[in-house]
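The first chain written gets the first letter, and so on, giving A, B, C, D, E and F; residue counts start at 1 in each chain.
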Amino acid sequence: MRLLVMNANTTAFVTERAAEAARRLASPGTEIVAATGAFGAAIMASRTECAIGEHAAVDLAARHADGIDGVLIAVSYDTGLGALREMLPVPVLGMTEAALLAACTLGGSIGLVSFGARVQPIYRELVARYGLSGRIAAWTNLETTAAYKPGDTSALDADLAEAACALAGQGAEVVVLLGAVMAGASFRIEDRVPVPVLDGIRAGLPMLEALIRMRPLKARTGSYAGLTGRALSGVDPAIARLIG
Amino acid sequence: MRLLVMNANTTAFVTERAAEAARRLASPGTEIVAATGAFGAAIMASRTECAIGEHAAVDLAARHADGIDGVLIAVSYDTGLGALREMLPVPVLGMTEAALLAACTLGGSIGLVSFGARVQPIYRELVARYGLSGRIAAWTNLETTAAYKPGDTSALDADLAEAACALAGQGAEVVVLLGAVMAGASFRIEDRVPVPVLDGIRAGLPMLEALIRMRPLKARTGSYAGLTGRALSGVDPAIARLIG
Amino acid sequence: MRLLVMNANTTAFVTERAAEAARRLASPGTEIVAATGAFGAAIMASRTECAIGEHAAVDLAARHADGIDGVLIAVSYDTGLGALREMLPVPVLGMTEAALLAACTLGGSIGLVSFGARVQPIYRELVARYGLSGRIAAWTNLETTAAYKPGDTSALDADLAEAACALAGQGAEVVVLLGAVMAGASFRIEDRVPVPVLDGIRAGLPMLEALIRMRPLKARTGSYAGLTGRALSGVDPAIARLIG
Amino acid sequence: MRLLVMNANTTAFVTERAAEAARRLASPGTEIVAATGAFGAAIMASRTECAIGEHAAVDLAARHADGIDGVLIAVSYDTGLGALREMLPVPVLGMTEAALLAACTLGGSIGLVSFGARVQPIYRELVARYGLSGRIAAWTNLETTAAYKPGDTSALDADLAEAACALAGQGAEVVVLLGAVMAGASFRIEDRVPVPVLDGIRAGLPMLEALIRMRPLKARTGSYAGLTGRALSGVDPAIARLIG
Amino acid sequence: MRLLVMNANTTAFVTERAAEAARRLASPGTEIVAATGAFGAAIMASRTECAIGEHAAVDLAARHADGIDGVLIAVSYDTGLGALREMLPVPVLGMTEAALLAACTLGGSIGLVSFGARVQPIYRELVARYGLSGRIAAWTNLETTAAYKPGDTSALDADLAEAACALAGQGAEVVVLLGAVMAGASFRIEDRVPVPVLDGIRAGLPMLEALIRMRPLKARTGSYAGLTGRALSGVDPAIARLIG
Amino acid sequence: MRLLVMNANTTAFVTERAAEAARRLASPGTEIVAATGAFGAAIMASRTECAIGEHAAVDLAARHADGIDGVLIAVSYDTGLGALREMLPVPVLGMTEAALLAACTLGGSIGLVSFGARVQPIYRELVARYGLSGRIAAWTNLETTAAYKPGDTSALDADLAEAACALAGQGAEVVVLLGAVMAGASFRIEDRVPVPVLDGIRAGLPMLEALIRMRPLKARTGSYAGLTGRALSGVDPAIARLIG
């Protein structure tokens, strides 16, 4: 299998973090292709940047679509998910979507750790779009950007573990760490938390492989059917080649 | 008042249709500035095109933001709404959002007419995002592009009226015609329908003026607070000027 | 335009407060007709008083219906809303309904300030009836009747601002002050609150004008269609004239 | 036990129908006191008439409250329910509320028969207020006033049975006949219907006795706590005696 | 009437507690038959034990079904409710179901006291299955097994009263004590709580009698219709006799 | 990996059908252990049989738990899911749960094919328990037991394809065939259906492998934490060994 792990932010560091976690989780024989956004935000953390990121995700996927068996969106807003699921003939999975769905199989109610009070409403709306708001026990927020710095993570990890434990105390039976930069971080802290902990890449990579192995056919009707003959201007030719 | 009626599609015909309807509805002294998208779909009718349109809407608004008192999004997917509401210091209203909110004050349950079965799920998700799915009595769909052709509308209007009447028969107490190109069409058919009929510009222009007259302050916290200091690349300088 | 601002309580002081705020918000050329309830509670603050108030609102509207272009219900339980919307041929808006709908366009989630723990459940049910419970981030309650006293409002305003700030801290992206007596109070405190603040008259007056300018037709079927031929006894002749 | 079966319509025929059914269902030793509304609609069938009926219900209950052990509201909109539950020290039950709650124990999903398309939205809102919309499988409507005529009911019963069977075919596992005038009608048709059938008096009378036998204490806080010291004018002295 | 009060736990003490409370609540002439589970958990307090208890409940009911007019399930998870309602020709009521439905008629929002944080999620799911999650104001949990010990209950009662008062402070307008062992405990503490308090037997016994007096017919279609001709092995012959 | 594919029905034919499909879907190196229920229904098709099946599932899992890396419940009611997820230290997945979660990643709204009108409500409640009712576009039902007969499936497949196409016409963007006996049937018909089609084993086997590869830790608190020290009687010693 050849999987595209794509980050529509323009910061390669986050892409690498996600790709590295993905490679550790991949089955033997699975190749991970990593790709970083060509324009837009260094790190999306607002509605405006996510709006630009929707286009950046389409652009990125279109340019890397050849020979890919599936796509894992390594932006925790699952930016571009609906568009890519429509545009591409292969399974597409959002990292947060994957973590939420996997979490549904590990506990009755889910706790979520966000990073930045400003973006928490965006995640809440994302969860609501998946129809899963009723499965959320509690949210907590950490105001830290420590995850974006290389080096020792022990202070960050202590904060993560404390947040996850607090969520368990509020009734969460499984905890998800949001944020692409959290790729793999759940492995570091889970021993300290009394309920299972996931992050988006940890859940997403195996689940994407599973979806591919289900061999679902591409929709031919409905809002996810393949596109042809669309009239577009001012966009990357790769997009026009796919849906024009 | 100076209002931006913006259509992030690249088809000026739709912009003109919306702007024309807006001008007829505007209060004395209100100036309508119309603007058409710079890139992306001729007419958005898919998730992929809407994703590109999110960026096009941000781009368009940023370039026309100076001296504007409010924005009416004249794309019926309300493309870019969250981003613009965050990015700009003035009220921003989506045309479908406006029609739904106004409809809530005219009937207990709403009927919706969409144009194209493929896009109906996108509208359903939009309604759900506004938290208003519970207010919808019924949906109907017309597979027609007649509204995009100039000239006599009598055949189209007969179809619209029939669809609206059918919705009333299914319990809708008010009907909304979706689609930017429907701007003003509700006036043509309402006599034939036993419940009130709205379209997005008919509801949106007066409601935008009302919002401006409420003089709400701009949020300073939360996901709609103004942005500064964001790192962006590869986008129109107007965007960077607003939020960079 | 000629707008009826009606308060089905029997306390003229509240009517005047609302009417005064309404006049400041009205467009040039709009005339405000204020009316106070003929029987029932001095100030409704219980389910029983609201039940009586439903009749008082119908009675009041029927007696003032001639020559009116729209009605703003200046009781924050929106007492009589459904009945008046059915009975009258013109747009009718509840002050709390208006504030909630306007708030939906200013933030993703709304904070609400009620006055009296006893009545908060009544407001919660009202919000649920509008289908908007999912949009509420948090509620807070102030046990004060200070707003009913004339004179200096600085102590009250400090409490209001503190309550609104607390709601913002709990995730509210816009705050609504409930209560007819709060008419205009949001203007006094908004500078101290990091998110937009509305009250029911501030939202309701402009929105009622907007609804009138949409020129919706009166429903001829459904539960809001006009009434004729109803057999009633023991009520004001004005009611019988309208629907008898 | 002494139970008040009260009908806030002014038509004694409906009261008698309900009281007669109630007496057949009552336990030995239970006395049924029947009361008819003093003002308002002959038969409520609109929002306006229900609004007046809210007051009429308060008026009626206040005048008959002495020595009563419980109240069954024999108007199928459960008119006045919230007010009476607050105002009176004894259990109060709405006939439709009772039928819905009992139906919840007989089937997973409920079918409802309404009489008049115009009023069906009012019943839908009532069900939503009880939080039970999710339990409804299907609605059907009969446009008939046959139930208000004395004499042979065989034609009406055939219609009722057909409607109930149709609901069962749509997945209803229990059927409720709405309407005070349907008191006892479920007994006449149930043999012809493959799922249990209830009406509001059949469910309400036994359930009211059950509530009384639970001996619940009256709330001293919250929106159903007893009222004292309220300032009212222009209402029946009995109301003022109870809550003034 | 002859009512089966059945406890599918194997601990007779709890059965006796429930049966004793039931007898005090029963109408004159009602006979209470008490029955204890034949296999499974001493006291169910986990999902695994409840799963075994589903079978134990079916087994118990089948063996005691002869000559019974109705069944009250005296396990607070309402274990076996769906199965028994299908299998038996008489009304079956869960004790928690009954308490929730009765509570709906006493207050707008309900507070629930659970015993053991581990089982609270199971109760939450139960409430959700009844479609009543929206009616719950707050939950509280007591980590105590004091109720299982005979003798003085004053310390336990103080804890119960404190928990109930706390729920009232959080907006509960009626409180339910969960747990079969709480049978009758609400009578002991209600004087100390400002809102009505119920327990499952207090609500369930009168409501079961009421359901029987409604004389509902047994469903002949749907998922609660009677069963015949089912092929089973390895179960008590009484089960096979009922549905084989 | 060693996976237990367990069918708590007593009919080995269905187990074999599911295990055969599972083996075709398994990764290289994955071993499938199949197990059939020891008591209860030949084929569960009622609430009573599912209740017995809850115990049978616990019994079956306890006796086969040694050396297993994960469990796929091959009964389409996901019988025993909560209990097994609590009792066992390894991932447990229900076949219908898996199909629903996978379907969420292939379309916005899901269509479901059930077999037997009597059991459809049970599936509806199952979907509701997963919190996914909002994702369902439509249900259809086939009254056929053809799938339980060996041999040519062409007539059955034509019915399945027709049902799936009808669901797509009602807005389903992905279809799930319910029923353990449908294992692998989606592969046979998908070419004839314009949207993706899944069955529970097709989705469940790969997803179970994915969950195992995520290596989630076992919960130590909450309702899914491991059990010890429980007092049980009259059950298989294997159960007592696991949780006693």
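Please note the rule applied: a residue touches a chain if its C-beta (ideal position, glycine included) is under 8 Å from a C-beta of that chain, and two chains touch if they have at least 3 such contacts.
Nothing here was measured: the structure is a model prediction, and the numbers come from that model.
Trainee: Trace the shortest sequence of touching chains from chain B to chain E and report its length in steps.
Mentor: Shortest path length, in steps: 2.
Trainee: Touching chain E and chain F alike: which chains?
Mentor: A, D
Trainee: Report the chain whose mean Cα position is at the greatest distance from that of chain E.
Mentor: Chain B.
Trainee: Are the interface residues of chain A and chain F largely the same numbers on each copy, more than half shared, or largely different?
Mentor: Counting which numbers both chains contribute, over half are shared, so the two copies meet through the same residues.
Trainee: Nearest whole angstrom, what separates the Cα centre of chain A from the Cα centre of chain E?
Mentor: Chain A and chain E have C-alpha centres separated by 44 Å.
Trainee: Between chain D and chain E, what distance separates the C-alpha centroids? Give it in angstrom.
Mentor: 27
Trainee: If you look at chain A, which of its residues touch at least two other chains?
Mentor: Each of 85, 108, 120-121, 125, 128, 134, 171, 173, 221-225 in chain A touches at least two other chains.
Trainee: Among the chains present, which pairs are found to touch?
Mentor: Pairs satisfying the touch definition: A-B, A-C, A-E, A-F, B-C, B-D, B-F, C-D, C-E, D-E, D-F, E-F.
Trainee: If we count contacts the way the header does, which residues on chain D are in touch with chain B in the complex?
Mentor: 120-121, 124-125, 128
Trainee: Quick check: in the complex, which residue numbers of chain A touch chain E?
Mentor: Spelled out, the residues of chain A in touch with chain E are 108-109, 134, 171, 173.
Trainee: Could you please specify the touching residues of chain C with respect to chain B in the complex?
Mentor: Result: residues 25, 27, 85, 91, 93, 97, 101-102, 104-108, 130-132, 134-135, 168, 171-174, 190-191, 194-198, 202-203, 206-207, 209-211, 213-214, 216-225 of chain C touch chain B.
Trainee: In the complex of these two chains, what residues of chain F are touching chain E?
Mentor: Touch residues, chain F against chain E: 10, 38-43, 45-52, 54-58, 80, 82-87, 117-122, 125, 128-129, 221-225, 227, 230-235, 239, 243.
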